[in-house]
Amino acid sequence: MLLTFALWAYVAGMAGALVLQRAERLANVLGFGLAALGGVCGVVFSVSSLAAGRAVTIAPVTLWSGPIPDVRLVVEADALSCFFVLIVSLVGLAISVFSLGYARTYYGRKNVGVLAAVFNALLLVTTLVFIAGNLWMFLIAWELMALLAYGMVSFEHEDREARQAGVLYFIMSHLDAACILLGFLMLAQAAGDFSFASLRGIGAKLSPQQRDAAFMLFVIGFGIKAGAVPLHIWLPVAHPVAPSNISALMSGVLIKTGIYGLVRVCFEFLGPPPMWWGASLLAAGTVSAVLGVLYALMEHDLKRLLAYHSIENIGIILMGIGAALMFLHTGHAVLASLALIAGLYHTINHAVFKALLFLGAGAVLHATHTRNMEEMGGLAKRMRWTSLFFLVGAVAISALPPLNGFVSEWLTYQSLLQGFGTTTSLVRLMFPLGGAMLALTGALAAACFVKAFGITFLAQPRSDHARNAHEASLPVLIGQGVLTAACVFLGLFPTAFLKLLDPLTQQLTGHQLSQQLTLANGLVLSDATAQGGTVSTLGITLMAVYLLPVPLALWAMFGRKARTRIAPTWDCGQRGLTPQMEYTATGFSKPLRMIFKALFRPRREVQREYDFSPYFATTLRFESHMEEVFQTRFYRPVNLWLLRLSRRLRALQAGSLQAYLIYVFITLVALLLFAS
Amino acid sequence: MNLDPLNFLGQTLALLLLAPLLSGCIKNWKAKLQNRRGPRPWQVYFDIAKFLRKDMVISEHASWVFSFAPYVVFLTALLAGLMVPMINAPAPLRLFGGVLAVVGLLALGRFFLALGGLDPASAFGGMGSSREMTISAIAEPAMMLAIFTVAITAGSTDLSQIAQSTQSATWKLLNPAHVLAFAAMFVVLLAETGRIPVDNPATHLELTMIHEAMLLEYSGRYLAFMEWGASIKQLVLMTLLVNVFFPVGLAGPQASVAALGISLAAYLAKLLALSAVVVVVETTNAKMRLFRVPDLLSTAFVLAALALLSTFLFQ
Amino acid sequence: MLLLTPILLVPLSVALLCLLVPSRRVMAALGVLAFATTLGLGIALLHEVLARGVVREWSEFLSADALSAWMVLLISVVSLATSLYAGRYFERDMAAGVITMGRVREFFVLTPLFGTGMFLVVLANNLGVMWAAVEGTALSSVLLVALYNRRNSLEAAWKYVILGSLGLALALLGTVFVYAAACKSHPDSLPSFNWSYLMSVARQLDPLQLKLAFVFVFVGYGTKAGFAPMHTWLPDAHSEAPSPTSAMLSGVSLKIALYALLRFHILTTACLDGGPDAGFSGHLLLGFGLFSMLLAPSFILVQRNLKRMLAYSSLEHMGLICTGIALNSPLTIFGALLHMGYHALTKPVLFFAAGNIHQTFHSLEFRVIGPGVGKVLPVTVVLMGLAALSAVGLPPFGLFFSELTIISGGLAAHQITVSVVILVALLASFCGILQQLTRILLGARKPGDHPTDARRSDGVPAMTLLLGSLLLFSVWLPAPLLELMHQAAAIIGGKP
Amino acid sequence: MSVHDTLLNRLKRGCETMAYPKGPAPALPDRHGGALKVEAAKCDASCSACVTVCPTEAIARPAGKPVALDLGRCIFCAECVTVCPTKAITQSNDHRMAVRQREDLVLGDTGKEQVRLAQALDEKLRRLFGRSLKLRQVSAAGCNACEADTNVLGTIGWDLGRFGIQFVASPRHADGLLITGPVSKNMELALKKTYIALPEPRIVIALGACAIAGGPFIGHPQHHNGASGLVPVDLFIPGCPPHPLTILDGLLRLLDRLGESDARR
Amino acid sequence: MHPPTTLEISSQVIPLMATLMLVVQLLLIAQRMLLTNIRLFAIQSLLLSGIAAVVAFNYNASHVYVVAVLTFIGKVVFLPWLLNRLVHRIQIHQDVEPLLNAPSSMLICAALTLLGYSVTRPFTSLEKLGNNTLAIALALLLTGFFLMINRRKALTQVLALLTVENGVMLAAVALTTYGMPLVVELGIFFDVMVAVMVLGILVYRIRENFDSMDTGKLDQLKG
């Protein structure tokens, strides 16, 4: 069977790369080659089984029975699993190909064998998370995933930043695992069994308080993994420091495990949701989306910027899921399916374009040896293909038509708008307001990617490294190309793709929407209700092609003889533009920083040295600093408080034997009093 | 879906031809209101024609994005325009996308416009891009919310659908939600088309300019497409405003020639009326400081939110 | 065939032999041999126990049930690994001139004695003898702690011996109380002080007296087992002892004390069952277990010394084991027993690695060791990293399963608060250990640091042996062993 | 209601832009005598009063040749008119004096008594720029007089925009370069760069005595004696500064937009 | 009035001797001279040994005689001798330097004695060898404990530990009719001996390394 084959390919890739770690070339080719092979198998498997509309693709199989009673590892795959397996396989495939070229940059410097092995292992355990059939399988794969990702975040551990990021990442991961564990155990308690099969609908057996508690635990747990605000602090720290192929995997796939978990739990296990579940998810999604993109705008570290965008997109996904839950509550199953499709569609979209962008960032990083956008520039000419791929990713993530980001956001908008009519309570205002915030997010994302692409790839190089940059190697480009193609496919052919989601919605909400969502000729995506609205990205694209003759004809009519001359950029007659005169990334986002000053609370320091007058400074030092409000207002105080408490407690062990004797003495006396 | 070729062709031509005229008219009227004679309303055609014929000078730093952007700007504006009902209610490309697609396409155009501004490594371009993206970012939610208000009432995001349902008897044009949403949309229109008090289309001072700053490096054919695209975008937005909020006289699906004629007349009248309002606003206001603009746009947002709330209250 | 006697005699005779043997190598080999033998005997004992239920020798003076057999196996494995490791360890120490041959001999004599003491604790049927044996282990280990004869090690030894002896005096009083209770219920004849006998008459004992007895035993053996707040000697002794001894202290010695306590716990529970004070001992165990678990992480968080940190981690694990037992469901007790085993396989590896680091960097202070140990001792760091992952309870290592079993058992017993507290404590100690180890193990050496070049790691066989068996037993437990543990759990749970 | 008042007031005032060129041109001010007319034939052979009195050495009288007045250098102080005993140099009161060729500004010879007014652009360029001309202004060390008079064209009275002529910021958008000032060394690079920045086809207009020939700064080591040495100039508009009317006339002449009104004169 | 039986006599003698043990304990607490402390401990042990002997005589339990003899040899003769020797050998300063002064120590000890009584009240009925012996044993244990806390010097802590041991032994004798099984008694005895020897070794080494017997200086291991 294909999936088994894929898993074995990962295992083989892992083992092979470890065994061959001394021969790095071989380890690279074998490790990432097998990972790519596994990816192909995974894609074929999941697409074929989704296309066949199978609800259950793998019946529960017990892989291993542990020594402890009830500890078993069971895998099973249903449509939901298949969908996420598709994501991990597709993205994994592209990243593997990319890595074949990218890992060369580590030759002689780091252990490529280990990198390839961990990469394979990550793909393996992530796939296992998605096809876990019971709690144990899920948790083990979950923890291993966190562990391996920790290893990769700390891969370049010589860097202090990477070490700290790794620690933060691992701690947060562990926290989420703890929450999830507790939530699952609460459910398992009611079911008396750990298998997912017996957990289905188990929420009905719990008291409302217990269900709410379990829901909260899951939201916190999966929310941390997904990187939802305010549980996101690890994400912008950890994703950038990992090797870029791993960043791509983390941002593209790993955080989706949180989404998978939420969907699995909320739609299958917890039973009929109360209104506030969906509403809180919708609200959390909105906040994540807006804050994620706002913080992204303030970044000039390319990978951190991308990491913050992951938060934003997770927010958008959560909006879809939250809306779906709200519709389930109000009894609009069709709408719930629509919102769910919107969320899931955005999930795969984000996986594809975020991975693409991280791969692009990786190629850039390799070429320029920096993540700082202020030292880039001019790469569009030096790295033509990379810039093209990155641009496609940027357009897609900014939710601009006709690419895939637009399609899923369109679905989200539609479900939000339709949601207004589902209830008469005040809650319904959340839908259009959420939509407006989504619009804000989209516009800010566009602004952010204008900055990201513009500052990185356009204009003059801002450093020697950027000046000497050259195009990445072929596998690196192919890897990006695969994802670019996926972006385009998902953008232009949503009707084809939506069919794959049918078994999924059938499983989770009992409805299949692809028939209703697509018109006869397969071009148009229309809403569940006939008049809701239509869009056809393919149509738009074709129309653009049809209309292209208009400007071309104008050109032919008027400007046949016009020639084109290359000249220096207009510099107002000065002695020429230097890169210092270009707009910087920081400068680009300055207006927004000013507008959202209350949120960002930027600190700036200007040191000016001058001889005669401050207007003629001899040296000028400008420093601008910004910290996340959650960091400064919540996480740091808590951390400090914990440390202070620990230091206080440390005084207990002050080294005095007398004190120690007193502890024992007091314990004894207290127990004696207690006993008698 | 079947494309009505006549409708398609007609609207394409209307967009291409009407847009410069509208810009010219506004310029002319503005001049008139300043007691000048002003450029002729069709001056913009001349400008565009000249730019099309002229050679181009392209910055040595510019990449392929620079050359790609004008086509994108032009085509997206055109495509967006084809989704908005101008003279008869089913817009030619209505099935290809509703208001979300329109907004998306305009945003795509803006995206490339901003990139084109950044590409030649000039400080002006970067500044323009930065400001443009900033202002559009805060204008967009207000616009969306305003549109949502009407979309929710119409139960559709299809602009033709919205227009038709607005037209229907049950609809009251003076519904508070409607009026508030219109007010919000109007503010957004000013921002999106770079009008006073947000931007000054007539000057090129670096302290004020937003849109023009991005075009500084464009010349010849590209500049023509850019300018033309901008004017089409303005027309699209104005059409959106007049035909969605006041679809008086808008012809229905199988309208007769006479009805189309009436529709055209009504459309032009409404368009000119709206232009007049824009002109008056431009003439009687001073440009705002850049960091005051968010105040204006947040007012628009609040207006739109109020519109939404009143939908809730009065239903 | 005698089984229990040889288990006691083999290490004892090796200890005596070592007094005579001149060569360090031979002494090391003898140690390995001794504990390999006891391991073999332990396995034989396992089968015997499964076959016969309880194995008795010397007219019930020695007796072994499933619980004892389990402990015998633990002691053997850890001692075996320790002996394996100690040879090279002291060779290095002697080469560095830190220690004299006399002291090394002391080690090789005392370690088998220490082992013998522990074997006696678990094999003695008589509670008094058990007490004496515990005292014996304490005394032998005190000398081991003081082996280096440095100021700090003497200080640690002193604290250990004072607190330990005091605790044992209290435990003795508790033991006496139990005996008195037995006497009272059988005024006519001199009652046997045997565990098996006491259990049979448990229901007739005076509950009040037993309660009081348990308080003394609890404080007494609890001190030895390192329950907070009686744990204060623990980090000192663990950090100052030679690393092989630390491994034994942490790996088994604590659990032996717990074993002794458990015997009384079982008795008390059986006696109080159904009465107004039912579960009295369990509540104590639960309370102190949780308190230990909660206290340990804060010390780990701000810890500055590697081995002290490991010691606090042991405190955490002891607390968890204790909690698991206190939750008193078959599953949690089983989990706790399993946890004991996995912990016994894990912690020594960490201490061995700490020993390597100590010998290479001549300090255990994080500040002095500095980042980048991985560059100097790559193999050690890999093994230590794995063991640390196991210690913080990550899959696929067994501690993950045992922890989860306990937590899940807690929920099953409707002790949600307990489960949450366990989770929080585990999380906190995870944070601490991760942060501290990342600080030193990863990273690059700074130019001024010493040393910077990669070195060979000692003790790899011992560490791989432990880690290998840990991994093996995490995924697969032989059926007899599993059965044994279920029986042991049943004994603790009071349902033999 | 100031907005209301403003609007009403504006509407009441109506259009205040001058009728020219459709209507009559506004009269030149009294002090402005218009273009000079040099009739060398009238000249006294021995007289060189005008040469000495000219502050900018615009008048030359090489031996054996008739007097030659270079209108490009002239600052229209009219001293020469005053001193000329034979009235060989007179003021024509004509605002029109823009020319296409530098030589056309040198007056004096027979047939060149008056300025030979600028021809329109050739067919191709006229079709291109006829109804839309964007200019980029470069003040190459100008004294701001020419610039001020150029600015006047933007006022509501003159309203240059009605002709489709517009001053733009970016040379990329411009079709022509309007140069004022004598082009100092410091501005040389800027001027050249601006010229290069203009997309072809492009025209260059030198405005004022300085830009045409250096004006009062002629021969100064720090100046370039006008723009013509650096860039090919298509239109010379003499004056110091030229009257707005002169400029407008020059521009419209170049674009062939004067039509009837020109003939009427 | 018949003459009291031996049992009756012993049931009065034993509490008396036990009370005397407590008195000695209090003296120990108040006493500041090290050598006197050792002597007081010897007296206390002698009393313990006496109690054991009385019990053995009363119940005719021969193995309790063994206990009595062992206690006498070990705690009355050997250990004081050993400690004396140690004191002379390492020339310890005589003052024991308690943490609390005598009056407050006394108060605390009174409270502890009360606690001992209150804890053991439910058990008084089961004592065959006179009332309160158990309470005294517990009080001995607790005050011994307190003594440990209150003493700085290593050697005095050892002494205090030994008094705790005495308390335990008293309880053993008092609680159990026939004392503990012999093998246990022997084990305990030898353990105590070894413990003291180990402690002695450590005291010696500490003295060597720290030039002091003050355990207050043993505070380098923190956190």
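As written, the chains take the letters A, B, C, D and E, and residue 1 is the first residue of each chain.
Assume contacts are C-beta pairs under 8 Å (C-beta built on N, C-alpha and C of every residue); 3 or more make two chains touch, one makes a residue touch a chain.
Since the structure is predicted, the reported quantities are computational estimates derived from the model, not experimental observations.
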item: Other chains in touch with both subunit A and subunit E; value: C
item: Touch-network distance, subunit B to subunit D, counted in steps; value: 1
item: Chain closest to the middle [Cα centroid of all protein chains]; value: A
item: Farthest chain (mean CA position) relative to subunit B; value: E
item: Farthest chain (mean CA position) relative to subunit A; value: E
item: Between subunit E and subunit D, distance of the C-alpha-averaged centres to the nearest whole Å; value: 124
item: Distance from subunit B to subunit A - Cα centre to Cα centre, in angstrom; value: 34
item: Length of the line joining the C-alpha centres of subunit A and subunit C, rounded to whole Å; value: 44
item: Separation of subunit C from subunit E, taking each centre as the mean of its C-alpha atoms, in whole Å; value: 31
item: Two or more partner chains touched - positions in subunit D; value: 170, 172, 197, 199-200
item: Where subunit B touches two or more other chains, by residue; value: 49, 53-57, 216-217, 220
item: Multi-chain contact sites of subunit A, meaning residues that touch two or more partners; value: 563, 565, 567-568, 570-571, 650, 653, 657, 661, 664, 668, 672, 675-676
item: Chain pairs in mutual contact under the definition given at the outset; value: A-B, A-C, A-D, A-E, B-D, C-E
item: In the complex, subunit C residues that touch subunit A; value: 158-159, 162-163, 166-167, 170, 211-212, 214-216, 218-219, 223, 229-230, 232-233, 235, 280, 284, 295, 297-299, 301-302, 331, 334-335, 338, 371-372, 374, 389, 394-396, 400-402, 404-405, 407-408, 411-412, 416, 419-420, 423-424, 426-427, 430-431, 434-435, 438-439, 442-444, 473, 475-477, 482
item: In the complex, subunit C residues that touch subunit E; value: 61, 126, 128-129, 131-133, 135-136, 139, 142-143, 146, 149-152, 154-159, 161-162, 165-166, 169-170, 172-173, 176-177, 179-180, 183-184, 187, 190, 192-193, 206, 208-209, 212, 235-236, 239-240, 299, 302-305, 308
item: Touching residues on subunit A, where the partner in the complex is subunit B; value: 377-378, 380-381, 384, 387, 391, 395, 398-401, 406, 410, 413-414, 417, 420-421, 426, 428-429, 432-433, 435-440, 442-444, 446-447, 449-451, 453-455, 457-460, 519, 521, 523-524, 529, 531-536, 539-540, 543-544, 547-548, 550-551, 554-555, 557-559, 562-571, 577, 579, 581-583, 587-592, 594-595
item: Subunit C contact footprint on subunit A (complex, rising order); value: 64, 66-69, 71, 136, 139-140, 143-144, 147, 154, 157-158, 160, 163, 166-167, 170-171, 174-175, 178, 181-182, 185-186, 188-189, 642-643, 645-647, 649-650, 652-653, 657, 659-661, 663-664, 666-668, 671-672, 674-676
item: Complex interface listing, subunit D residues touching subunit A; value: 138, 170-172, 187, 189-191, 193-194, 196-197, 199-200
